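Quick one: this structure, given as structure tokens, is what I'll be asking you about.
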Amino acid sequence: MRASNRNADELRPIEFIRSYTKHAEGSVLVKCGDTHVICNASIEENVPSFLKGKGQGWVTAEYGMLPRSTSSRMGRESSRGKQSGRTQEIQRLIGRSLRAIIDLKKLGERTIFIDCDVIQADGGTRTASISGSYVALHDAIEFLLSNKKITESPIIDSIAAISAGIKGADILLDLDYSEDSECDTDMNFVMTGKGSFVEIQGTAEGIPFTKDEMDQLTNVASKGIQSIINIQSEALDKKP
Amino acid sequence: MRASNRNADELRPIEFIRSYTKHAEGSVLVKCGDTHVICNASIEENVPSFLKGKGQGWVTAEYGMLPRSTSSRMGRESSRGKQSGRTQEIQRLIGRSLRAIIDLKKLGERTIFIDCDVIQADGGTRTASISGSYVALHDAIEFLLSNKKITESPIIDSIAAISAGIKGADILLDLDYSEDSECDTDMNFVMTGKGSFVEIQGTAEGIPFTKDEMDQLTNVASKGIQSIINIQSEALDKKP
Amino acid sequence: MRASNRNADELRPIEFIRSYTKHAEGSVLVKCGDTHVICNASIEENVPSFLKGKGQGWVTAEYGMLPRSTSSRMGRESSRGKQSGRTQEIQRLIGRSLRAIIDLKKLGERTIFIDCDVIQADGGTRTASISGSYVALHDAIEFLLSNKKITESPIIDSIAAISAGIKGADILLDLDYSEDSECDTDMNFVMTGKGSFVEIQGTAEGIPFTKDEMDQLTNVASKGIQSIINIQSEALDKKP
Amino acid sequence: MRASNRNADELRPIEFIRSYTKHAEGSVLVKCGDTHVICNASIEENVPSFLKGKGQGWVTAEYGMLPRSTSSRMGRESSRGKQSGRTQEIQRLIGRSLRAIIDLKKLGERTIFIDCDVIQADGGTRTASISGSYVALHDAIEFLLSNKKITESPIIDSIAAISAGIKGADILLDLDYSEDSECDTDMNFVMTGKGSFVEIQGTAEGIPFTKDEMDQLTNVASKGIQSIINIQSEALDKKP
Amino acid sequence: MRASNRNADELRPIEFIRSYTKHAEGSVLVKCGDTHVICNASIEENVPSFLKGKGQGWVTAEYGMLPRSTSSRMGRESSRGKQSGRTQEIQRLIGRSLRAIIDLKKLGERTIFIDCDVIQADGGTRTASISGSYVALHDAIEFLLSNKKITESPIIDSIAAISAGIKGADILLDLDYSEDSECDTDMNFVMTGKGSFVEIQGTAEGIPFTKDEMDQLTNVASKGIQSIINIQSEALDKKP
Amino acid sequence: MRASNRNADELRPIEFIRSYTKHAEGSVLVKCGDTHVICNASIEENVPSFLKGKGQGWVTAEYGMLPRSTSSRMGRESSRGKQSGRTQEIQRLIGRSLRAIIDLKKLGERTIFIDCDVIQADGGTRTASISGSYVALHDAIEFLLSNKKITESPIIDSIAAISAGIKGADILLDLDYSEDSECDTDMNFVMTGKGSFVEIQGTAEGIPFTKDEMDQLTNVASKGIQSIINIQSEALDKKP
């Protein structure tokens, strides 16, 4: 039994609160245990210059953490004047993941900006951001459909993400911050509702891992993502 | 009657939600109508270099807006690589205001960082930030007292802030975003619980204002601030 | 009697030297006691992108201090790679103040840049900048009129600025640097020739101030600004 | 047969030229087909501040591309004033990978900087950088041993990296630039000489991939890395 | 005869106004025709880190232009966030030149900052800066001597600078802005009072120049610098 | 005899390796003793905005050093976020030098970027960069001619560069790093094949230099440059 009173293959409670703020076309507060991220999807009626006139849209993401989302205060990136490598790595991952389930031609010449802002962090902020952003993106697409900006949804599939790790002899699903620090290996998985992989990122912080361990991590993560996809689906079935 | 169904001298509903996030020593979500700001107070056991060895502490503030806290998406300051003049002006104001009611000697050689992050904006984010930060600062001081880091509270007085404006012939209290855009004059007031002024900033965006108008603005704002101070006090009376 | 041998409500000697440098359309060296600021007004035949095609002009300001304008040398902002919050706050104030007395439609689609560069500082650089910039702006407008770029002056009113402060029991006009450091409250006033207010900014650095003190500060500042407006007017009456 | 005349599971010719430049303690030019990277290892007798006094060393990496290492010229990052997200992602990956095979305690309180500079790019620059950096790191460690700075090698294992991808129905090893652009999925593998995984990063640029495809990619990459490890070993057996 | 009514080998009127601003230990306004530069020398009682504990001082320079010192307004470097290559080139030249005539050991462990700020430009700002900075530096050294901080002057020689150019068949001394733009070759000379060279920088903007032309330029510049050194000397003979 | 076993007026062995990398239109590795610089010339079919529509082309240069090209590791400029003054000075010099031998009208509306990247440094990197860049530029022009983009070569003359210095009583040609550090005076010369001067930059780091010494430096450098021009010419006679 884990410190958080969970089984090894058990997710933290996950919740998607839609229409969380009033301005964004899609606005979701995702809570994965004590990790809370605001995911806002904003529609802009233009595309980056490298796509001008190509008859397709774009989806991109930015990520940030409030300075005191963490247990000790981090310097504010706007004040230091640059985004860290970690921030850029995460926002590139979120953007790539969401583009994988959008038909950019059907989106038309517009951009959807996904802003993921962590207001409280306890491990797994990047995977929570992806899972929450899918719901926000879905609501932004609904906005386009109901406003007759597009007639057909460009969403090809659903998408969600989760981490899994190896701690000693255990394969753990959905690591919280204290577990993440103690794991030898930490893998992040991004998968579609149909069960294919969009991203896999595994890092051995301690002892390198074997093919067999990788298979076990993949297995437990696949099941976890399927659960999240179901919870996303339930959240989207409700009136926003 | 105003668009928001308020009288000219009526505040928007204001609420202080304490212990809003789990890591900060003081954490408050302040809601002034549709303006929502997270105010986190973080304690660090050191002081800026210009205060080293002077036997006193420091209180400073940083301010930010989520990119989609506003009706159209603003660029992220960390991505642009610098804070705007407006951001810096506001965070300097918040810091000065809070230092006015703290005895920095009694605080000891430590710094309290106030982070004000606007998650939804509808006018008055700087005044809401000050009013909310007072509550967060209060909780951080309580943390120091209950952990025996200090034996006497360095808080001298309470503090809150509000805007007032001139729209045509009307003197309006607590402007929302649409009113703010239409006012000829917009003034921000920061006052203590004892009724003195800490900051006054008035700007004529349209027709310059007279001494008589300034007096009316000051009058309505003073009453408004007294109400906010009462609501802060009630919020602080509850168990966090 | 003050250290500078002035009465409490007495201005420092103020002087406007026009045509101070040869390239700018309006170029003024303003001297307020030992505070000396070069105010240059430059005309450019375009407008910022947010005004393109709107049939109106723009007035904006930038502010800087020579590194050794102050008693100890300050780092050069171009070398540090960014303008301080104070610098941005001041240049935003100067720009807003001047726009308040210009009919931007009558200016036509052009921009007037005001550059205020402090070559010697002894308190009150922002208010001296505003008072001096008005004279430089006036000369730039004269340039446009005499070159038939515009047929009617867009200047609606004159404008000047001054500080006042509370030091112990005294209300002092036009603070020099040493007085500014010792005041409990420091207020800056920007007023038009017709006697209305464009900006009021008051800060209690020490003891918060009362409504009665604010009234006294306002009163002494109003008289001071009227004197400056007369001196500006005399300076402008001379052949440049 | 591939455009480069290789079988699907065939590496490009790979070569490690040691002592490539004269100043660095370890200096290797690695050539993987037309991808050429200079990997320099520099020893500095201090550690980053977060490690001061902890009795251990550090290994970190920086990565850059010459502006015309690519088929069309890229802007120089030093001239643009910041490193791209891609650059930071790669240099973080290189650093993490090398730290996985070093016993930092045995290294002592010193830092080894790995600089990977791409002078010609044709796909796989990050994996070539890791494989080449291992050889440079090895030579830097030899320098420390032969200069009696350390008495025991901190190298735990060897390390190398390779990419594999899915192009239509084919699983391809060691993608060149044109193949990389056409693949649906691109995975990078970092493995030790003993056959365990240090990093796995897989991205579906087109169609998401299945568990079975992942297994095939892993299989072909494992064999490829074993070959590179052998070639590294031969290169290190020669007199530098 | 030149547009400025000068002979080919004639300097513009040059003037050194000492004690120009009140804070700097040495403060000079140098006027070379219409080129006006404020040269301030500031003493700080510390040295850059690379000189700590070496028992010697340092002299360094920074250079800037007011935005409207030129005929059309230039962007402010602090606002753009970086100094241009030209600015850095000039300030490095000024610093090197002044260090050439200072015995840094005799200066003691302190730094003299030279700030050259161009308030009006008409060609030759870098040479005017050097000539004016020598006078400011001299006054700062006098300050150290009269305050008993040092007992012996570290000044080894005097120094001044001038430009010369080739325009068609003419060798012209001390180019103004319009001449500078039309010259095929522009050379800047920095020489000591004793007649040796500290810096020579010659650039062919048009037709490359010959050894014979270089000799003529050197000859005319040497005489010009001797005249400036005399004028500096006269200025320094007066009570400041 | 010098440490490098050369006579005072003897060049280091110099070699131009053409077609060094595969993407650039002109790519040269120049070796001057232990100083090795990659000079890449890249053609882009556009011009900087200040030349748009003027019917002429542009040649510009950028310069960088690999962090460990030097005997101790230098910080990476892209990581520090700005180019040093030295870097900017050198790249401006390279660009000016090459433009001196190009008829920009004949080049047509296109830009040639010269990238000089030092992979190993032992003094004289700027002069080696100029000499090598001429060969790379030549190959890029050949590319334009053979692809019928231009019909006539815009190259007016050849160009090369060398340093010379005064060490005690000796006049030394082509200083290596250790000599450069010990010289009182260091001069860099850029000359055309026809024997005229394009740039002369001389600096007295120690004792100022006399006209006679300058003549000797010029003399020895002129001969050295003539030798380099011959070696360039031989390199260009070979099939690339």
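For reference, chains read A, B, C, D, E and F in written order, and residue numbers begin at 1 within each chain.
The working rule: a contact is a pair of C-beta atoms (placed from the backbone, for glycine too) under 8 Å apart; a residue touches a chain by one contact, two chains touch by 3 or more.
According to UniProt, the chain labels map to these proteins: A, B, C, D, E, F = Ribonuclease PH.
Computed from a predicted structure; not experimentally measured.
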When each step joins two chains that touch, the fewest steps from subunit B to subunit C total 1
Common contacts of subunit B and subunit F, by label, are none
Rotating subunit C so its CA atoms sit on subunit E gives an angle in degrees, to the nearest 5, of 180
Residue numbers at the subunit E-subunit F contact, same meaning over half shared and different meaning under half, come out as same
Taking each chain's centre as the mean of its CA atoms, the one lying farthest from the centre of subunit B is chain F
With centres defined as the mean of Cα atoms, the chain at greatest distance from subunit D is chain C
Chain centres from averaged Cα atoms put subunit A and subunit B apart, in whole Å, by 33
Taking each chain's centre as the mean of its CA atoms, subunit A sits from subunit F at a distance in Å of 51
Taking each chain's centre as the mean of its CA atoms, subunit C sits from subunit D at a distance in Å of 59
Among all residues of subunit F, those touching at least two other chains are 81-82
Following the ring of touching chains out of subunit D and into subunit F yields D, F, E, C, B, A
Per the touch rule, the subunit B residues reaching subunit C in their complex are 82, 84-86, 88-89, 91-92, 96, 100, 157, 187, 191-192, 194, 196-204, 207-211, 214, 218, 222
Touching subunit D in the complex, subunit F uses residues 21-24, 27, 34, 36, 38, 40, 42, 44, 62, 64, 66-73, 76-79, 81-83, 87, 113, 115, 117, 119-121
